[in-house]
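Order of writing sets the chain letters: A, B, C and D. Residues in each chain are counted from 1.
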Amino acid sequence: MDAIEVGVLGATGVVGQQFVSRLARHPWFRCTWLAASERSEGKAYKSVAPWKLSTSIPGSAADRVVQACVPGKGPKVVFSGLDASVAGDIEQAFAAAGHIVVSNARNFRMDPLVPLLIPEVNADHLTLLGEQRQAKGWPGAIVTNPNCSTVVLAMALAPLRQFDVRACIVSTMQAVSGAGYPGVPSLDILGNVVPFISGEEEKMQAETLKILGTDGGRTPYAAAVSAHCNRVPVLDGHTMTISVAFEQKPSLAEIADALRNFSGRPQELWLPSAPQPPLVVTEEPNRPQPRLDADLGGGMAVTIGRLRDCPVMDAKFVALGHNTVRGAAGAAILNAELMHSEGLLG
Amino acid sequence: MDAIEVGVLGATGVVGQQFVSRLARHPWFRCTWLAASERSEGKAYKSVAPWKLSTSIPGSAADRVVQACVPGKGPKVVFSGLDASVAGDIEQAFAAAGHIVVSNARNFRMDPLVPLLIPEVNADHLTLLGEQRQAKGWPGAIVTNPNCSTVVLAMALAPLRQFDVRACIVSTMQAVSGAGYPGVPSLDILGNVVPFISGEEEKMQAETLKILGTDGGRTPYAAAVSAHCNRVPVLDGHTMTISVAFEQKPSLAEIADALRNFSGRPQELWLPSAPQPPLVVTEEPNRPQPRLDADLGGGMAVTIGRLRDCPVMDAKFVALGHNTVRGAAGAAILNAELMHSEGLLG
Amino acid sequence: MDAIEVGVLGATGVVGQQFVSRLARHPWFRCTWLAASERSEGKAYKSVAPWKLSTSIPGSAADRVVQACVPGKGPKVVFSGLDASVAGDIEQAFAAAGHIVVSNARNFRMDPLVPLLIPEVNADHLTLLGEQRQAKGWPGAIVTNPNCSTVVLAMALAPLRQFDVRACIVSTMQAVSGAGYPGVPSLDILGNVVPFISGEEEKMQAETLKILGTDGGRTPYAAAVSAHCNRVPVLDGHTMTISVAFEQKPSLAEIADALRNFSGRPQELWLPSAPQPPLVVTEEPNRPQPRLDADLGGGMAVTIGRLRDCPVMDAKFVALGHNTVRGAAGAAILNAELMHSEGLLG
Amino acid sequence: MDAIEVGVLGATGVVGQQFVSRLARHPWFRCTWLAASERSEGKAYKSVAPWKLSTSIPGSAADRVVQACVPGKGPKVVFSGLDASVAGDIEQAFAAAGHIVVSNARNFRMDPLVPLLIPEVNADHLTLLGEQRQAKGWPGAIVTNPNCSTVVLAMALAPLRQFDVRACIVSTMQAVSGAGYPGVPSLDILGNVVPFISGEEEKMQAETLKILGTDGGRTPYAAAVSAHCNRVPVLDGHTMTISVAFEQKPSLAEIADALRNFSGRPQELWLPSAPQPPLVVTEEPNRPQPRLDADLGGGMAVTIGRLRDCPVMDAKFVALGHNTVRGAAGAAILNAELMHSEGLLG
């Protein structure tokens, strides 16, 4: 099969760099177009992308001349790492110009006609795209992935839907890389905890119910979700403690089995970015830990540990996922892989 | 009034150092006796206490010769910073020899005849001491303070008892100083989260209900408490997110008023270590933070912020307290201050 | 004596906050005027100064209305915490309007007619002010304090001038608070070292020689200084390793005596901010450490440890100072105290 | 070629884990024997090695039964990750029993008959082995690699020998992983610098001169080396600032060329662990940084940056190497690879 040409909107930011880095070694996609703000236009990528990853800037991207974000230019498939302040207008314009926009931005996530996609969880939400095209009049399309903390929670809850989740309280300990660059000032977070991330709790609560919902997410999942979001001095990996109440009363063993046996379309299709298995259930008493476990499954697995009874709700456990991989660029690329397999990038 | 002579058991450890440091500038107590394991006996305090505080070792303690923990020696009132591995036998022997042991160790906390005291919350539990003396046959006594994470939760819940707390889920982000010295290896916690602290969740759950209970704690408070305990790379200050359900349905304003107006015997008596007020309710959206707020009230106040509705329970908020002050040495000293004011050290 | 009224230029920044905080409890100075950029003009100080210190915002400042930096307005004596991008023009205008500007900004530090003052080291450089007034035609004056890393080095070398310092190599490990706010992004420094601070090495090298020099600093001290400047994940306190070669060949004991016996005008005059002694020489093998020692002498002392032979030069040691106290606001306030004692604020 | 069987002494410690992890994917060596203290004997490796690496414990090692360190048992070639407190006796006994001991311990490093080997720098020191065998009467042999900070300095200085290094002052910022496990307590190093590492400066100074010396290191290199060693809150990667004086006076360009063109036997022989090139010279102004650059060359390269004039000596620069790879297990494995290529493992 020929490589599929793709581009990146917002290529110079931290999420954009993640796209560029991951696409450089992707078996299906070839990144041939990098776009960013006018300030970077016409310059070599390496000179305008202050490289923040521990892997080197890919040779194939370093000297590529950055383009402006002009719809109609560039490949049909574009990944968007744009900042929310500009993503709304630009992504819409690209979809209107016929591009498939696979976006990490938050702007369209809660749009009832835009899939908020986790391929293992709600691959069926892609059926929204037909309606999206009609209603919006876009020859192209927009598909989004969730917020970096939402994805960990939604992946953990997905296999538990069989027990009818009634309520869930989650308290996060989120890495600084989730805030982009320059992001969190070191004076604020060195040796500290900041128990507030603007808009994050609302996103976790609303996005989770859309993702787990039916009818493409238009009927939200009927559970109550309460999120406490905190920033901690960790580089990569969002850790969260979760208490869950069920309508059915599964035993801990049944819950553990459900988590362990969870699998979805990406695993079935052996998509290149699909972790096998998507959920890793650890037995060790003091895991998962972001520094030791965030990279499991190439950063695409979610790790779950310390499953035990909750004196208030039914069960409680710890979940962890890599916020810039499963929670950002890796998520969008997996979305594109699924769409390609379903014939939706054509 | 003449100074009250006091001693410290386990004076060379980190909690012992906190006792020595705080007692050196105490208006009522004069620390004249430092005891530790045999290994330190007969040596100058400064040569056997590897000083870990940012304040200097007090001049009055530096050259004091360390004694063995022999009951009957030393002042009547002794503070105990002993390790749990030895505290049980030694504290019991001291009480049997007529000492008043004001202990930070966990060994007797759940003993039904030993007060687990937070002076603002359950000063009336001191009435246990008569029964303790009779039942145990001790001419002396043992009084304990709670675990360093428990005290923050119990202080936050105490004023909410008027609304009949039904259930509470707490997720902690605890400082490394809570683990003593050498404590948590840096390899484990630098840039990391460890979502497990051995025995901590059980202690938080059980101790909180005893503290809030009646009949000296023998009738535990009738609520369900579920704790998730995590270690984060913070030096001092335990931060925790708390969701609470009530039998009564107070408004957020009523809850805020209850927290703000909370006060107890220490405030009434203007005890030297009493924070005024005991609970600081902050309006800033991103507070409390351990680095900015742990020292409020000389480290003895608990700070509460982000009070808001909880989609699952009734209300949620963030609480923070200084784990080595309000959670250890400062707590025990406040206990002793209350006991002195009540004529119980005489 | 009546309080001396003072103002603060750049009051809303981190250095400005340090000024406001320290002046609120100063025995001589009363801060009655807070000035900042036009964006803050007319607003309450607390609403435009995003408070970054662990002490609370002083009650006397919280509601004060912030003024624009207009020369001629405000008290005669103004402290400047202005950013270097604007400090040059504003400070000059204030001096021209008759103000005594006690500045922490770098703009005038290397001006041959402006004292670069460390009161313990070169109090005599204040004699420059007469010439400054004449040459510049300013009815007022400008006095500066050194860069936050320079001051530690210069304090350590000052007592060694008696042995004729020939050369010095210094390698710093600097705290993030030295970069202001937002300053260093956490993504850059968490668990990392950044071996570069723009312009810092040049400043350390040039400023040190001016400070130790004669004729008001116009004849630089005749030694070679080489600085390696590094940022490390520390909040407060610049630590540095120093190797020194001398023309005379003092023994280690003579060097230690020189450091221990060092004292200057501030100590002689018992200025309120003067540390007694200015240099603390520690015997412990693993000190000084920023977390344990930066606050010595109220943050105004420099701590020196590990004095030993250097196989390449003559001696080596470690020095530490508090970068936002002795290296910024505290330094400027000590400068003003000296000037007041010398009758230069009148 | 058949795999060469190897064993690991001290397999359960952190260095031992590094050996086990790296050997599991080694193209030449097959690790079939894990030995540790009696406490671990007879137990499954995974149950006695508290795994501290972010890669998973290799499947081939997890269930292997740990043996006692008994000479004569196990493969001919053994890697030693033993603690210095026991390495002396055990390694000697193994050599006496015919084993080739490739050791990371410090005990024999300064023995005049034991090569202190960096394959790129002093491959010729292996000629000592004949004399070692004769003088010691060992049918086996001992070869060592340097201390984790020494190796970075020695690699950086090796290509500069052509300019006759006269003197060198180095100040290190060393990662906590260099201290093993549990190693540095978090209370000591979180947000702190500890300017002392016991014995480290002496090791850096002496080992460097042996490595760069002639006659198998018995004639030390004729330069003066002075080391300042500091611990910083970094996980992996020792960063150091270096000033060097030369007898010849090379230009910066000549120094840069010498560093860039440096290569040795491992590169010539394309040994599996050899980094290509061994020294990476970076042009970026704020590099190398441990978090971004320690993994270069699979952790086996040393990165050098900020080459510039030194006002005191001739040139100065920053060097960085991965302390647990190039500074420990990776170094020993490269030593064994060289020995195999030279026919010395046979």
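Points to keep in mind about this one:
What we mean here is this: a residue touches a chain if its C-beta (ideal position, glycine included) is under 8 Å from a C-beta of that chain, and two chains touch if they have at least 3 such contacts.
Computed from a prediction, not measured in an experiment: that's the story for all the values here.
Between B-C and B-D, more C-beta contact pairs are found at B-D. A centroid comparison over C-alpha atoms places D as the chain most distant from chain B.
Distance between chain centres (mean CA atoms), chain B to chain C: 40 Å. Chain D has its Cα centroid 47 Å from the Cα centroid of chain B.
Multi-chain contact residues, meaning those touching two or more other chains, occur in chain D at positions 190-191, 233-235, 291-292.
Partner chain A is touched in their complex by these residues of chain D: 54, 190-191, 235, 291-292, 295. In the complex of the two chains, the chain D residues touching chain B come out as 14, 52, 176-177, 181-191, 233-235.
Those residues of chain B that touch chain A in the complex are listed here as 167-169, 171, 173, 191-196, 205, 224-226, 228, 230, 232-235, 239, 241, 243, 285-292, 305-306, 310-313, 316, 318.
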